[in-house]
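The structures come next, written out as structure tokens.
The same chain A turns up in both complexes below, where it pairs with chain B and then with chain C.
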Partner chain A sequence: MLNLGRAALTLALSVAAYGIAASLYGARSGRREWVESGRRAVYALAAVLTVAVAVLEAAFLRSDFSFRLVGGHSSTTTPTFYRAAAMWSSQEGSLLLWVWLLSLWSSLVLFLTRRRLREVAPYATAVLLGFAAFFAGLAVFLANPFQLADPVPAEGAGLQPLLRHPSMMIHPPMLYSGYTLFTVPFAFAVGALIARRLDAEWIRATRRFALAAWLVLGVGILIGARWSWSELGWGGYWAWDPVENASLMPWLTGTAFLHSIMMQEKRGMMKAWNASLVLATGVLAIMGTFLVRSGILESIHAFGASTLGLPFLVLITLLIFGSGFLVWSRRTGLGPEGHLESLLSREAMFVLNNLVLVGLCFVIFWGTFFPLISEAVTGQKASVGPPWFNRYTVPLALVLVLLSGLGPAIAWRRATARNLRHSLRGPLAAGGVAAAGLALAGVATRPLALAMFAAAAFTAGVVVQELWRGVRARRAVSRESPPAALVALVRRNRRRYGGYLVHLGMAVIFVGVAASSSFQRVHDVRLSPGQHARVGGYDVRYVRATSALSNEKVTLGAILDVSKEGRHVATLDPTRGYFRAVDARLGPVGTYFEGEATSEVGLRAGARRDIWTAVQPDIGAMQPLIDRLDRRFPLATGRSQGLLLAALAARYEAQPPPAVFRLIVSPLVEWIWLGGAIAGLGGLIALWPAPTFARRRAPAAAKVRRLRRQLSRA
Partner chain B sequence: MDPNRKRRVRLYVSLATAVLLAGALVYTSFSTATDATSPSQLAASGVTGRSYQLTGKVVAGYRHDGGVLAFRVRDRDGAASVPVRYAGAVPDPFRAGREVIVTVRKRGAVFVGEKDSLITKCPSKFSAQS
Partner chain C sequence: MELLLATIMIGAAAAIISAPLRRSHRPRVVARSARTAIEAARDAKYREILDAELDFRTGKLSESDYREIDRALRGEAIELLRRLDAEDA
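And now, the complex of A and B:
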């Protein structure tokens, strides 16, 4: 099987190289059969890589430790669900996943555009295959997942315990799907620039891919945040870690792109900006992959000692200079067909929204790469922390939420004072009432949070008003019931109303972020059973210690009783699992306490607040007993080892030493996930193909607009 | 006003604003940044009261003492080490031999970690050849 995997990878590299040559030759010579052959090479690449992925997945599921990768990242005791996900916990497996997903999306877009964009598609094919060749080359020469283990171990090391969370199955593939999907509009932009087809056709052909990339990357980021909150023992969902930032940057520029392309589609404006933005997004997506693998920045996620930094650096340099050259050399064809007529127009809101999003991206880029910038300028590596990021991102996010409300409420071209009054009166009242009510409730102590709540209420007001007006207009014509009118309204203009739902979801997310970061209460405390502590108005009592044993780990924990003003609120059971270390020198009991340890958070989630608890048992106090058991029974295995561990666990429950608890009461965290779900639903609605009648109408409307522009210029 | 002139004015105002904001960004990042340093550098030239981002590997023999974690951090490729006392969230992967990043201030002979600043690199992704 190893040989089959290796052969598939090598074949994939060859197919990608052939496809590049065929596509470029076909485009230059005008011979369609070569272009077709290049496109089919992409399909073949997807098929070959599917075989490679299937071979590796089968090896993980069968615990075939002759694969070095399987032995290093899985074991027979690893649950099947996590064995299936273990492939992408390694550098080699994640590279294979990257290139496989890329081949699938590339095949899909080239199939959908097989009869369109005849001049652009061959170059786009070559670019997509170029990425595939790069990643397949890395997998073949530098990080081959199909290496033989010598000797073959009887048991594997197992999946890193921190990664044993259901999100592991979906978070990495979502992020990689986002990154790889963003290469599709990138490739078509490059193709359009090379072929000098600078109208909006390439945008129309790839818009859904950009939207899908935005959606899956955004959902992937949120799932990562949720994973961090509900699983990791530090009590947060975002840490401004370089790798987190790396995923956020292309998402931000992608968001800007999805807005600014409407300017090009409707008014022929911002062509150069759109091309630059999508090229930058593609580069940032590759940079995200690079950051994890280069070890150039300190990050919790990094494959620190990897050797892949240099090839990535070469690729990124090539992409930046190549993109810059293409945009510069085509600047005459990228001139706008229309101009901004008024600062009070939807176009102006789009421009502002783009500036804020790109500004946010720049701030995050600067902060993320500041250690390198600082070292280059001063000779001393230095870094900026979360307070620095918050100083800039919070006001920018505030402006962004305001703009997401203003944009849909303002007319295209030029809004009059009357228009504005009509459109903004209701939403402004919603924002004002929210601000006044919350100020009276004591939120005024955090003015930025208060401003965010007001801005979110304003945006929600705009969305509700737009939906209400649409439904009312539709009912006036069709006499449908309100729910039927709403469904029909959204169906007829999915892009518009899906977008509005996304705005609403983002406003809800920002309410959650503002509330949880401004009003969170954290208390670190050391407690013995019977003692209690107060946090955020709640009384938390340590009732008793708990323990559990399994083949893989010893779990020690606590039962906590949470009450408020004498009323029982929740019973929480945070635990800490101690996984067995693979080291023959360790004793039968000590081996469990020298291995990995992970927290299981005790969480009571709610619409108003989350009560979050984590425990850190004092193993130091247990150490004399652990050492004594190891000394007396050094050869204990199997059942006898189990008895020793049971004795230790019983002792822990009977005479627990004081444990350190982290207790957090954080308001509205659930709103972040709820907002994500609303935004995700909006994204799906916008992504879903329009009904046939709407599709038929769209080209006609575009023709009319084009004709009108030509007439106005004549 | 002539539309072309109006557009030029808008462009200059936008550019001036962007330059001002970028200037503020650059100034604050250099003035508030924390120096990244290794244990040997810190041992040789750590200044009392100043904040540093210390990176290195955890030495065996760390202990929890009444909610405070006392440990030593050594150079990645060397033996020089400095003592750290830290109170706050301890990441799950923390243990001897792991690479950590922690923001510290010098207080006498000890380096005191800033609350919740301790980061331990994810070990599953931290080997040259997995």
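And now, the complex of A and C:
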């Protein structure tokens, strides 16, 4: 099936190239059949790439090691679940996934807009196919997933141990879906600028795609953080790693875009800003892929140095200068139709929110690329760490949470001081009470954390008040029960209340981040069985050593008893898995301790705090035994090798050497995932199509018709 | 087998792409974008009218401000409807 995969990829590149030419010719000549043919090229591209993905997936599931990629990233002992996800653990498979997802989203948006945006859509089609051609070209010429293994190995190398986590099944596709979905509004913005159709119609057609991109990228980022917390042995969920930052930057500018487009839709304002913002978001999405693929910055996520850096650099340069030129050349058509009527208005809050979000993005961009900047200026590569990022991002995040509460409390166009007092009295009291209560509880030692808790309480107060007042207003006219009124209110105003729920979720996330980063207790300690250590008020006792054997790895671990003031709290079992190295020179036992090793965290998660433990057994103390077994039984395989490993494991359990433990007590980490779920639900509500819009607009339309009749009679 | 599947795939892609070109003569692109743009602006204005009403009913706008804003919004909506009528004419 290798040849079928190769044929599909080559055909995909040809179809993309044809589609670009057909769309541009159709747009310039006005010949609709060519525009339609270009659009259909996108559908054909999606179908052809689906064949390519199916061929590769089938090869992974069948462990067909004639595919070099399969032999390098899977094995017969890799569980089926992970074999299905192994495709995107590789450079080549990831690029195929990227272009496949792009083709699917492109097909969807072009199908939905097939009867609209006739001047804009052909150019947008050409841009989308341009991206597809770029990635298909990389897959064909530089990172082909359909290469023959020569010779064909009897067994594969297996999946990278760190990636053997359920999150890894969905984290990369979520991130890539976010990146590729952001190219949709990017492409339509370029189309609108080229066709000089600078009204809000392209925004209306692609808003849901921008929102979907924001949602799946956000969920993908959180799943990655969750994986880091529960799988990686370092004890954190965010490390300001370049690849993490690369996913956060387009999410931030995308968030700003989703707010500011409302001003263009309603008031015809900020057209140039919106165009610039969505173009920047598209470029940042490509840059995110570039950072992972190129290996130009050191990251635990990157694929190392590769040959893809230069093509990506050329593409990004082209995108930046092309976008800049388009906005500059269309500047006269991008002037505002309305103006800011008052600084006390929702519009003013959106402007501030955009400034903060873009400021955050700029800080992260600077910190991420600082190693390259410093190398260019001083000749030495210097990097900035988490304290640098925290110094700038924490105050900005604080302002952002405050604005996410202020915005919903202020009306569009203008608000009076009296109304503002009326809207803010309750939420300010909530924030004040939270601040006072927490200060009395001793939180005042961390003023920034205290301010964040108060800001989050204020925002939560605004959202609850908005829902309550909305329900009250609806009940005044409908006489529904409160739950029915709430459901009806949200259903009829999905964008508004979905957005408010997102604000609430973000406030909850920031509470979790502030609490866990300010009040986390970490203790690294070396213990033998029977010994204990204290961390964050908890007593942790090393009860006994554990071991487990499988075809792929030897697992050594510990049973820990966690108690507080003599009361049992939890039993945790952190382990460390040692995976077999693929190196024939190593002995039958030593081969397991020269390969990769991963930690399985012992975690007790709770609403108030997480108790997190990881173990690092002292393999050095076991090394004499490992060497002795390797020398005496150098040719042991299969069952005899299993017996040697069983002997080693039994010895480890019976006479365990001291092990190094990392013990962490971190408050409110679970709030981060809970906040993510709330924000995700809000995003889904805002995203969900409103089939009743025609009915919803009926009252407004009826009002307008009545007024029109009156005017005509007058 | 692979050759057959590849041929079917290429044939299917060619058929999908070339279908519009094989059909009888199509008229040139008719620019109806002005109307759709006004329709988009009208829908946004209707939404703004409903939003202003909800802002008033939830206490974020005073009655006098609401009346003034509502009147202005409805005037803008009527202007958009007039422009739509003019497009149709």
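As a convention for this text, the second predicted complex is superposed on the first by the 693 of 714 C-alpha atoms of A that agree within 3 Å, B and C clash if a C-alpha of one lies under 4 Å from a C-alpha of the other, contacts with A are read in each partner's own complex, and residues count from 1 in each chain.
Note that in this section a contact is a pair of C-beta atoms (placed from the backbone, for glycine too) under 8 Å apart; a residue touches a chain by one contact, two chains touch by 3 or more.
It should be emphasised that the depicted structure is a prediction, and the values quoted were computed from it without experimental measurement.
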{"item": "Touching partner for A:34 - first (chain B), second (chain C), both, neither", "value": "second"}
{"item": "Touching partner for A:535 - first (chain B), second (chain C), both, neither", "value": "neither"}
{"item": "A:233 touches, of chain B and chain C: first, second, both or neither?", "value": "first"}
{"item": "First (chain B), second (chain C), both or neither touched by A:270", "value": "neither"}
{"item": "Sites on chain A touched by chain C in the complex", "value": "1, 3-4, 7-8, 11, 15, 18-19, 22, 26, 30-37, 40-41, 43-44, 47-48, 51, 116-119, 197, 199-201, 204, 265-266, 409-416, 418-419, 422-423, 466, 469-470, 473, 476, 493, 496, 693, 696-697, 699-701, 703-704, 707-708, 711"}
{"item": "Residues of chain B defined as touching chain A within the complex", "value": "3, 7, 10, 14, 21-22, 25-26, 28-30, 32-37, 53, 55, 63-67, 87-93, 95, 99, 101, 103, 116-117, 119-128, 130"}
{"item": "Footprint of chain B on chain A - complex, ascending", "value": "69, 72-73, 89-92, 159-163, 232-235, 239, 241, 292, 298-307, 339-340, 355, 359, 362-363, 366-367, 370-371, 374, 377-378, 380-385, 387-388, 391-392, 524-526, 594, 596-599, 614, 616, 618-620, 660, 662"}
{"item": "Interface residues, chain C side, partner chain A - complex", "value": "2-3, 5-6, 9-10, 12-13, 16-21, 23, 26-33, 36-37, 40-41, 43-44, 46-52, 54-55, 57-62, 65, 69, 74, 77-78, 81"}
